[in-house]
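Note that the chains take the letters A, B, C and D in the order they are written out, and that residue 1 is the start of every chain.
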């Protein structure tokens, strides 16, 4: 048991509050039509922030699904920059430059889990002590990829942590239609490594679970599956209308256990947080965000960017397509 | 606990002995080049026969992987007929005519498991009290299809029995490289229904486990995963050389626990079996086999059979292809 | 077009109680685009099933349902996720009749939205005709009008063979038009002349038909007579209709959203050459996406063939003396 | 050909210690066809990995290994089971560079036997070029000689982009021939003239090249000059070589094992038409499998285009005045 220190918890709250207000800003931009469809983070902050605070950004890898980026501040502001490019539909949004140990969002559910296993195996083969933390949702756990990845990870004994954010919903599908298993953590029995369930609204508890799993992984004892239980407080995405299927009383109950409020109250009680600090953190978060968004919108895009980075070298046909594209757009290559 | 009666056990032994000698005959035919590559049944007889003896052929479905057909005598001799057609490469080998509740072999590993779930759901929707028993190997359990099927079956609560024949090998891959799970039965925890492990060399024990699972399924209590542990006594297929990877001492030990011998000894001790009976059963099995094989070889095949049963009606292009095929072969449509 | 689809589903389910609808979010939510709206309320949870997120088991259990004599109508939430089920669709669904010699009738329908123009995330917009078009045993249709969306879906559901119905994302709300009341069936495998004309024919399917028609209308003002042949079916391919149109016009443009190389457009060109070579007055021209994966939002408008690119191709084949 | 493949794997693994071989039965058993024989003994269990039977995680973990800077060389035991991994191959492997704008180099190789003629069970013989040929970002090669099997595999392993190497089952033991010693690389994307000739060109790849060459030799006795163009690469496609051959000969036959409709042959025909229309003296003729799933043993000889069918097609294009 390695509960985070108060200082660490304060750092977590900064990241959580930051994520919360930036998410709000992003939602507004979406409503103004300035960014595309996106999946709000509300309710997931403690689990994500708690988890990544147990990692070492210089060594450990983070593989998100798609809700996580705003809460990855610990990995540097570049993550936000790229996430905003991603949200405006700029191709550079998929490029998280080295040495950042973070992957771009994954849209094809659960496909990131086999990647995590291969990456973890690759690290051990290269005597790199890093650990791979991979996020996935309760819904994604139903894909074959989850099981194939878990099973192979178990056999290989690689340093990977499978972190299931069980937010009770996969779009409109509640967990009891997703699985009859006792819990998502229980699925680890199929893989032969530990599965643990933690309160995902408690950043410290998640920190603790990830820290333990990380120690285990670094000791060469293999993977851990962690299920963080929480509640999706917002819509599935900006295109979703949750009032069609989320029971209002459940949502109400969940709101009363808002993870950001919970940690904030704890730290306020400890005298480590107050309204002034809160306002300052929020203001800074928005400044950083607005600044990043401005830069994202100003990011240049060459007329033939579409043809870049498909292959290391253009094929004969791509070379011609590039010519035609540039002729059509009257542009020059970039 | 519903151990089979002595009479039932005797019936099982008849089927097991039959499978064993027919398998030997088939192997020889393969060596003579008269049938294609095949996967021998040796060592699997008790598990398969024990399982299907707990079923009602008029109501319950059997979905094989590929090792099972010779042990499905309980479902009628038509199964053998079709299996031999299959082995000589005749297209009619895939047609197990109605009302036979048996599917043809499945080569694409684990793909039969989702079929089983759909079929079981279909039966319940139609108020058909049948239960679906689906076979798969230890190796096949690593495919996403197994987990997706198990998980969905758990959610639906359908009457399906997943029977894993753990013969310790998937071609050359031993079970400890297949999974780190405590057992294959343990994987049921991922699905939320019972997983049980039985001695697959004990036909009675398998009967018992399947019988219990079947009762459960018929009572509407949902699926069961059964792992029958046994040992593959022969090669993976006629194309395989197991001496490259099977430790001879393991094979020797397994041979000492040959499932056919075991039941035979038990029934001999009970005075229910003797050499004369054995010889008679074997002789009859071979007669039936030879007869079926002769019929299979005599099965007609029209010159354009290749184009039949692809779609209910030929497309424009298929109609032309059919003409050309018939012109090429100088044949007439069938 | 969405209403037409929803209407067809309601009517078919009412007509045939063997029909079972299954897929992700199709029941309680009525589908992420509301295509299955109201079915759950009307036909209940036994016949309208929210599945776990497992495209493989959606397709695979459809095979089992069909074996039991039911008629599954499965939704793949976005066609790009059919890759997750390809081992079942290509390896099992398409072959059920063939490998069992018709012991089982694979009366199975898949519906899946696809195609670009609405700034979706990765894989949501991908066109898979190149993959699906080479799977004998499988039928694939792609309506371009609201009426066809209804008529092809109803026909697909009633067809004894498996059919994938590709629904244009952009058309869900973007394509409107008359839809015949009541029973309305469009035979699978029959192309449709969307615009008459005899100078050149543009062969297309799905949303590209809409664009081709606009091009035809636009160029008509210049006195050009641009026929538009809406394939409607990728498989079975209406070889005769392609031959007729190519022979009548002598000049052919084929347009599709997928990447050029290996796209289904190549099959169409090959068919034109096989059937109508001697009528051709110019090389057949393909218009398509570029040879890259479907790109992100800021690039997609340039990726998808638009009216200008189709019109330019038409002019190009017409320029040839 | 098998020896050439095994040799290439040994040499490459010795040359570059980032290479990791993984797949079902590739280590202790040396592969079900012995293609990976001796690698496990030589390079150990860290670099030669027997995986569980999960094609999806074979392909998916290859993505992760590449991200870590390793060079995975994965075997899919039979190409037909690539369907189980299509969501990773089509959806992830092929797009890794594109979606990360080259942050990660997808230096990933897949090897998979395919093609008919050896009476394998279902799905073991299937040709998937129609599926794989429309996945930009992915390279696909299909050697027809032992030398190319070595040279293309080595080049594939060293290529910074993902490559699927299709190995002809019938060629493993059935194709023999000189193999250059030592380093031997065949550039991806370059076709090869397997037989010179100028009356007609047969365009083929993999084992069909072998048959086409036999046809060329046979018809040479009748005074016919049949060129054979071995594509070697499905992707990148050597468009220039196709154009040259079609222009030089004016008559073209394309042959492949897959079902006709939607097969990659259609792309080849479309390319011929785009590049060399004015040189064509006759319609391009396709030879292919029939529009049904790859059939069972007793039917496969009729399914696969054989010398007679290829020869008949050659005569057919030559008959046109």
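Note that a residue touches a chain if its C-beta (ideal position, glycine included) is under 8 Å from a C-beta of that chain, and two chains touch if they have at least 3 such contacts.
What you are looking at is a predicted structure, and each value in this text was computed from that prediction instead of being measured.
Peer 1: Touching subunit A and subunit D alike: which chains?
Peer 2: The common neighbours are B, C.
Peer 1: What's the farthest chain from subunit B if centres are computed as the mean of the Cα atoms?
Peer 2: Relative to subunit B, the chain with the farthest C-alpha centre is A.
Peer 1: Based only on mean CA positions, could you tell me how far subunit B sits from subunit C in angstrom?
Peer 2: A distance of 39 Å separates the two centres.
Peer 1: For subunit C and subunit D, what's the span in angstrom between their mean Cα positions?
Peer 2: 29
Peer 1: Would you mind pulling out the distance in Å between where the CA atoms of subunit A average out and where those of subunit B do?
Peer 2: So the centroids are 44 Å from each other.
Peer 1: Roughly how many whole angstrom separate the Cα centroids of subunit A and subunit C?
Peer 2: Here the centre of subunit C sits 35 Å away from the centre of subunit A.
Peer 1: Among the residues of subunit A, which ones contact at least 2 other chains?
Peer 2: 91, 94, 108, 142-145, 148, 151-152, 155, 177-179, 310, 315, 317
Peer 1: So which stretches of subunit C touch two or more other chains?
Peer 2: Residues 51-52, 54, 56, 80-81, 83-84, 87, 91, 98-99, 122-123, 136-137, 235, 237, 261, 290-293.
Peer 1: List the residues on subunit C that touch subunit D in their complex, please.
Peer 2: 80-81, 83-84, 86-87, 90-91, 94-95, 98-99, 122-123, 130-137, 234-235, 237, 258-259, 261-271, 273-274, 277-278, 280, 282-286, 290-293
Peer 1: Looking at the complex, which residues from subunit D come into contact with subunit B?
Peer 2: The contact residues of subunit D facing subunit B are 24-25, 28-30, 32, 50-56, 80-81, 83-84, 119-124, 260-261, 290-293, 295-300, 302-303, 308-309.
Peer 1: Per the contact definition, I'd like the list of subunit D residues that touch subunit A in the complex.
Peer 2: By the definition above, subunit D touches subunit A via 20, 46-47, 51-52, 54, 56-57, 59-70, 72, 87-88, 91-92, 97-103, 105, 136-137, 139, 159-161, 189, 235-240.
Peer 1: Considering the complex alone, what residue numbers of subunit A touch subunit C?
Peer 2: Counting only subunit A, the residues touching subunit C are 36-37, 66, 86, 88-91, 93-94, 105, 107-110, 139-140, 142-145, 170-173, 177-179, 239-240, 244-245, 301, 305-307, 310, 315, 317-318, 321, 325, 328-329.
Peer 1: Would you mind writing out the residues of subunit B in touch with subunit C in their complex?
Peer 2: For subunit B paired with subunit C, touching residues are 91-92, 94-98, 103-104, 108, 111, 113-123, 125-126, 128, 144-145, 148-149, 151-152, 155, 308-312, 315-317.
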